[in-house]
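In what comes next, chain A is part of two complexes: it sits with chain B in the first one and with chain C in the second one.
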Partner chain A sequence: MADLFTHLASARLPAAFVRDRRIAALLVIGTFLPDLVSKGLYWILRCSDNFETPTHTLVGVALISYAASLMVEERLRRLGFAALLAGGVIHIAVDLLKDNMGTGSSRLLYPFSPRSYELGLIDPLDVVFLAPFNIVILWAAWSIERKRRVQQ
Partner chain B sequence: MFSNRSFAWKLGAALGMAALLGVHSERRGQSTSPDLGRCLAEPDRWEGTPLRLRGARVTESDASGFEIDVHGSRTRVVPAARVATGDAILLAGTFRAQGPFVQLVEFRKLEEHGEPGRLSVIASILVLSGVLLNLLRHFAFRPGVIQVKGVEGGDPAGTEA
Partner chain C sequence: MANVTVTDRDCQETRPGLLFSDRAWPLKMGLALALFALLCGRASREISELQPEIEEGAIRIDHVRGSLIHVWARRVLTVTADGFDIDTKIGPFHVTSPFPAPTVGQYVSVVGEFVEPRHLAARGVQVNAGYLWKRGTNYGLSAATVLVFLWIVRKRFRWRPGGGLLRSRY
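Here is the complex of A and B:
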């Protein structure tokens, strides 16, 4: 996983364009769900790497997002699901940037295809060096939100 | 799909399908990407299998290669690399039955990344705490309010405590 600070920055920018703050909050938490579930399975339930693999696939993210959206009140549920799913997809997209030594960071299309994908741009052990870029992104998101509030 | 009708069934189905996907992945993974222990138990079967070993510890190093321990499974890795006894590494390689040994493709020393790694974990915990607090600003967490209560003309939005 990339660090959660990087995931936060990647979700906060699109969330800044969402008018409803509750949906924006769901989009941000959606980007954390794949790691929350996979780390929970690994650290708490002691599941194997193979068992947690689907948490970082498109089908797995859709199922997790749907289950999580059911925790939201009914009238927000449809939009909430879309926000959680978008957050999860952003998470996978960010993880795809990683260099996992050729073994892939996500089995995107599992269970339809077992193939792993990675772009190999970032050493996952060095993601902390992305912090300055993340801060700039968070600042941009905050500026966009502030401008929109002033306009309202 | 998003209504309160058959809420428990929908939730159960989603979680059940996710669990089934995990079981399927687990079974498939055992046959396509086994762990080191499995490879060592049946070397001929897993000849040529690509391996990615997390949490490997170097137990011995010499001019021709080095030995690693991965959660109790030990094997030799060739060729030699710039590692010393006690180093924690991430390793990608190919399993070879004749030995058996692992043919090194790429590795990373975790110690070289030790400090940023810890910083990353601390930053992640802080960020997660902040995001959860932000979520609680917008949503009340009331496990006692079960969504299905609202089905029969009650409180569909769960707004009553």
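Here is the complex of A and C:
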């Protein structure tokens, strides 16, 4: 997994363009969910790596997002689901950048296809070096959000 | 002309539909989680066939011989003439490797195929330099990120299990 600081930065930028701050928060929470669920399954329920596979697939993310959206009040739920799902998709897209030696970092289309995909651009351990870039992205997101709020 | 007032469009409530309504929300959540659990169970069976866990190379080698696996960040226990031994949940596993040998104590990732019980033939080896501090930093940073973010946005929601767990404050 990429660290959740990298995932926060990747979701925070699009979230800065969302007017409703609750939906923006849900978009970011959505990007945390795949790792929170997979680590929960691994550390708490002691499940195998293969059992956790759906946490990083489009269908799995949709199911997790739907379940999570039901915790939000009704009038916010449809948009909340879309935000959580978008966050999850951003998470998978960021994870696709990882280099897993050609074996793939996400079985994106499971259960329709077991094929695993990766772009192989960064060693999963080296994401810690992205922290300075993430800080710049977070600063940019904060600036955009502040400017939009002043304009309103 | 009739005296009619029309509620402003922005103030009109839209029906959320069956999927997103409050009606039987615990049941819908249970169904979603049950479907997710079924998907996980199916993945566990199907993907174990495609890419078994390394431990299966000791338990049922006849079933997994020839399967290609990716083993991530395992500690090197010993270095031998034809490769090295790595640590697994069920003890040492030998890796035959034509690549430059890592040193004892280093962490390595391996792509390889099962050839014998507790024996992999490597097709690729990657030394995970700085595994312990990078992994530790990764987890520490991740936990801090989630906690700090939830603390910051907590004021946008309030805990209300009766009508959906998170009610917005607006």
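Quick notes on this structure:
Note that the second predicted complex is superposed on the first by the 152 of 152 C-alpha atoms of A that agree within 3 Å, B and C clash if a C-alpha of one lies under 4 Å from a C-alpha of the other, contacts with A are read in each partner's own complex, and residues count from 1 in each chain.
Everything below uses one rule, namely that contacts are C-beta pairs under 8 Å (C-beta built on N, C-alpha and C of every residue); 3 or more make two chains touch, one makes a residue touch a chain.
None of these values were measured; they are calculated from a predicted model.
Under the clash rule set out above, the superposition-derived model of chain A with chain B and chain C contains a clash between the two partners. Once the two complexes are overlaid on the shared chain, A:I144 sits clear of chain B and of chain C alike.
Look at A:D49: by the touch rule set out above, it reaches both chain B and chain C. In the superposed model, A:V89 makes contact with neither chain B nor chain C. In the superposed pair of complexes, A:L13 makes contact with neither chain B nor chain C.
Shared-chain residue A:F32: touches chain B and chain C both.
Judged by the document's definition of touching, chain A residues 3-5, 8, 21-22, 25, 28-29, 32, 36, 41, 47-54, 57, 59-60, 63-64, 66-67, 69-75, 77-78, 81, 100-103, 110-111, 114, 123, 125-128, 131 lie at the interface with chain B and also at the interface with chain C. Residue ranges of chain B in contact with chain A, taken from their complex: 2-4, 7, 10-11, 14-15, 17-18, 21-26, 28-30, 32-33, 50, 52, 54, 90, 92, 105-106, 108, 110, 113, 116-117, 119-121, 123-124, 127-128, 131-132, 134-135, 137-139, 147, 150, 156-159. Looking at the complex, you find that chain A touches chain B at residues 3-5, 8, 21-22, 25-26, 28-29, 32, 36, 41, 47-54, 57, 59-60, 63-64, 66-67, 69-75, 77-78, 81, 100-103, 110-111, 114, 123, 125-129, 131.
Chain contact summary for the complex, chain A toward chain C: residues 1, 3-5, 8, 21-22, 25, 28-29, 32, 35-36, 41, 47-55, 57, 59-60, 63-64, 66-67, 69-78, 81, 100-103, 107, 110-111, 114, 123-128, 131.
For chain C in complex with chain A, the residues that touch the partner chain are 13, 16-17, 19-22, 25, 28-29, 32-33, 35-36, 39-44, 46-48, 50-51, 53, 68, 70, 72-73, 109, 111, 124, 126, 128, 130-131, 134-135, 137-139, 141-146, 149-150, 153, 156-157, 160, 163-168, 170.
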